[in-house]
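Chain naming follows the written order as A, B and C, and within any one chain the residues start at number 1.
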Amino acid sequence: MSTLKEAIAQGKPMRELTMAQAVREALAEEMRRDPTVFVMGEDVAEAGTPFKVLLGLVDEFGTSRVIDTPISEPGFAAIGVGAAMTGMRPVIDIMFGDFLTLTMDQMVNQAAKARYMSGGKFSVPIVFRTTMGATRRSAAQHSQSLHVWPSHVPGLKVVMPCTPYDAKGLLKTAIRDNNPVVYFEDKMNFTTKGMVPDEEYTIPFGVADIKRAGTDITLVATSSMVYVALGAADKLKELGISAEVIDPRTTFPLDKQTMIDSAKKTSRAIVIDEGYERYGVTAELASIIADGAFYYLDAPVKRMGAMDVPIPFSPALEDLTVPTAETVFQMAKMLCGRA
Amino acid sequence: MATNVIMPALGVAQETGKLLQWMKSEGEAVKKGEILMVVETDKTTVEIEADASGILSNVTLGVGQEVPVGQVIALILAPGEAARPRQAALPTGRGEIEATERGKSEPSATGVAASPLARRIAEENNVDLSLVKPAGEKIEKADVLAYLESLKQRSNARLAPASPKARVAAGEHDIDVATIKGSGIEGAVIYGDILSAVAARAPRQAAPPAGRGEAASPTGSADDTETVKVGTIWRIMAERTTQSWTSVPHFYLTREVNAGRLMTWRERAQKRSPAKITYTDLIVRLAAAALLQHPRVNARWQDGAVHLNHDVNIGLAVAIEDGLVVPVIHQAQSLSIVEIAARRAEVVGRAQAGKLKPADIAGGTFTISNLGMYGVDSFNAIVNPPQAAILAVGRIVQRVTPVDDRPAVQHMMTLTLSCDHRAVDGARGAQFLQALAEMIEEPLGLLD
Amino acid sequence: MAADVNPLPVTESHQTNGDSPVDPEEWLHMYRQMFRIRAFEEEVNGLYTRAQMPGLAHLYIGEEAVAVGVCEALTKQDYITSTHRGHGHCLAKGAEPDRMFAELLGREAGYCRGKGGSMHIADQDGGNLGANAIVGAGTGIATGAAFSAKWRNSGQVAVTFFGEGALGQGLVYEVMNMASLWKLPVVYVCENNLYNEYTHYSQTTAGELRGRPAAFGIPVEEVNGQDVREVHTTARRLIEHARSGKGPAFLICNTYRYHGHHVGDINRAYYRSKEEEQMWSTQRDPLKMLASWLTDQHLADAGIFEQIETDARAEMKAAVDFAVKAPYPNASEVTDHVYA
């Protein structure tokens, strides 16, 4: 039941949840299951975060397990790492993905390396839950998608779900994982609704989900860009072009094979991701596809990321910086020789 | 000096050859000109003569094995020459292994027969002569120049924009991407372009023949048919006609011609010739002349383009017990009737004796099939790829036809031209047929 | 007020022994521990200068009383975090010198299978959460370990050793803030050896050093870091303060590193004088100070000290011998331990 499609095929009873509800449910289930799990961050308790994702969690688990911290990202991230090394399973809430910059030493030099540096003696079962995504008019320091940073670092795992089903199953897996996991939610998707099984489930890392099957072009998209890709696929369908939309769901571990196989099948691929385009996730995924499917490609693998500028405030400018269904559609059309 | 025995390239499109039989065993003495081995090509089975006298040695190819053409499969050792160490033999040292490997894979350039001019051109252009395939016995200037040209084309092919997928497909179908107009980004050749190119020409590789599958299927006892075992020639005929029929877009042009003058011509020619002159000989002569005027019919469709052949090499469909073979009368355009007749007698004789040489069947550019002697009025022949057309010739028969508004009895003959529509269109085929018909009806203009 | 906002469970009272007198045998044991560290470091110096040890070697010689005085006040289950100058802490917390040398030489038998080396040596079983080569980073991990200990109500204390150079790092103050808010059982041990690498701390540290923990309401003690008795008795008190649920404490140990920042730091005249170095090593040497006190108290004599020295040097020689002969890790290990 690693995908919603499978769960539906198995006839699991379901209900509709928002992504925020799915995240909260995953946290609550894991906190009930394992007393060493706790949530720590700025305004996570009574406030339930500015996005209200954690609303109500403190009522069940109290302030000793849903812990408000000072505005002190390096500090509470470090405490999370130390706690994880000594028997706890912290879920560290980094309100905005942009603030990952403040926690870099904890994430990169400490959490990611403790196990290796100690020859396998230490484990750091910590989750950094944070956000990504622009177009909320939050300007340059609250809009970035920096998931490529942790993706770059050996020792870290990186998760970026876009549906309630994926968000819940992957967060539960992240909490149970004995490695540091950085878990990104797109701020624009918190109210996205989707079906979630009534029964408990987890989703293994490193298994891509084919969000839509197709034959003519592969659109590999991450997080909210999955919806952009699906929008483009709708438009392409009107031209008789069948697009396959693949959501890797985790950038590490990464399901390379599904992407490569799809590109082999369609001979064309576009990678769409909301991180900055240069040196970005798109570069890595495109290179993997180009490498693995080279002799099956009929066009260069194209990348579409966020424009290489700090995210501007003005809506008139900000909307230009991220891929849209229209720009993906145009690119796909061009690759298919229909421009 | 040992002589390499290679798997010969015997056809325009032949890539591999299969060894059917060694006529000499390893260590046995062989004389130059003796039959050394029997090889199966994509066209037929041929007996290959020894190029040199000596002892057959270093045989690396077993019966039934298939290798790329040009590959060395044995050596003929000069008298007194020691056998070269085999790869499998225990080497005494590393240097020896390397020497052996080198000796096998890179025959020294000085050992290649080449004209002094060819050698000089090769030297000036840094060409390894062992890589040049001579058209004749030894490498001439033209061979080296052709090799240099092919290198240029190859590098152009690398520069031609094409998608990786298209390149793979082009390789599989032996298509030069540089000859194809691309429909991809920046004019790149993409997979679809290759598919179109393949669809528009006869594939040069025989598809797995249906015949083989049938032969392999068990014939149940309840089956009241009798299974006839077919030979290699029959099997190849089956494969090639299937391949042509399923992949070459055929069309047919039929025309009745008055054969009266042709009959007169034959009688006159016969008087001047000690050997027998047949109608086929005359038609070969006339067809060669017509083909010179209509080169598009003396052509082949290949790599997405029409390639015109300079020479007119006319193949004759010859029925033998084992099936159909097509020996070729080369450069028919420059042969007299007597020469054509002599050549025809020679190759047909060899065909019927099952002794065709590789050169006898190679290089055909047009084929004539004459079933007149079997009383056939007319028929549609199957194009012989990669040729563009085949002429089916029916019997000469008396017909009542109107002449000057009055019925007259005349000797008529029906010609049917089968064309590969990728190389020849209806109008061009018709023009050729008209030219040929006019020549048959008034052959004296050509008389030599 | 701080107690009211503390979200964590109230700590049960844990047994403490902060006020009980120290057995004279324990002082002799501390002498032995200090001497073992010195002998260990002298072997490191030798290995390094003979080019038998790769990387960098930051020697702890001169500061032995801090590690020993503090660690002798800890149980095996208590946690420490250490620094790039961490061999002394590691030994004092109970690690074996043979496996330590093996680690320093990158051998599979090392505590970290040769993957950490001198700057990341760790001993999980002995409660050493690792030396850390990011200055100040150990304070965060120790505070987290203290958080965990408090949450699990395990009675463990975490001690973080750091140099005065770490006082320039914001992380130290962030975690002290939360440790104080949440009354975490952590003791911050500042080894003030006067030099942030090659720069005197007065050039890098504004105001009063003691004022920094004080700003968070954390009790501060300052001791002569060369006097192991003073270090130990104060550390015992502060550790038991933490263990008893009263929250963090801060211990400043004024000390001195005899050698350079690392073994290769030979010409040091541009940042400190020979006279200064000589004054510390002759007049404030922790071994001499303790030996002279033990002798005055008739608790030991020259023969005992000689025996300790002989034993320690033999132990370290054997340990080096073990490490030099120990095999390197198999090449296949390079991809092991990246993920659990």
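List of remarks:
As a convention for this text, a contact is a pair of C-beta atoms (placed from the backbone, for glycine too) under 8 Å apart; a residue touches a chain by one contact, two chains touch by 3 or more.
It should be emphasised that the depicted structure is a prediction, and the values quoted were computed from it without experimental measurement.
Farthest chain from subunit C, judged by C-alpha centroids: B.
Core chain by CA centroid proximity to the global CA centroid: A.
Taking each chain's centre as the average of its CA atoms, subunit A and subunit B sit 62 Å apart. Measuring from the averaged C-alpha position of subunit A to that of subunit C gives a distance of 41 Å.
Subunit C has its Cα centroid 88 Å from the Cα centroid of subunit B. Those residues of subunit C in touch with two or more other chains do not exist in this structure. Listing the residues of subunit B that touch subunit A in their complex gives 163-168, 183-185, 188, 190-192. Residues of subunit A touching subunit C in their complex: 36, 38, 45, 62-64, 67-70, 72, 74-88, 105-106, 109-110, 114-123, 125, 154-155, 157, 177-179. Interface residues of subunit A facing subunit B in the complex, by the touch rule stated above, are 267, 294-300, 334-335, 337. Taken together, the subunit C residues at the contact with subunit A in this complex read 7-9, 79, 81, 110-116, 120, 122, 124, 129-130, 132, 134, 137, 139-149, 151-152, 158, 170-171, 174-175, 177-178, 181, 336-340.
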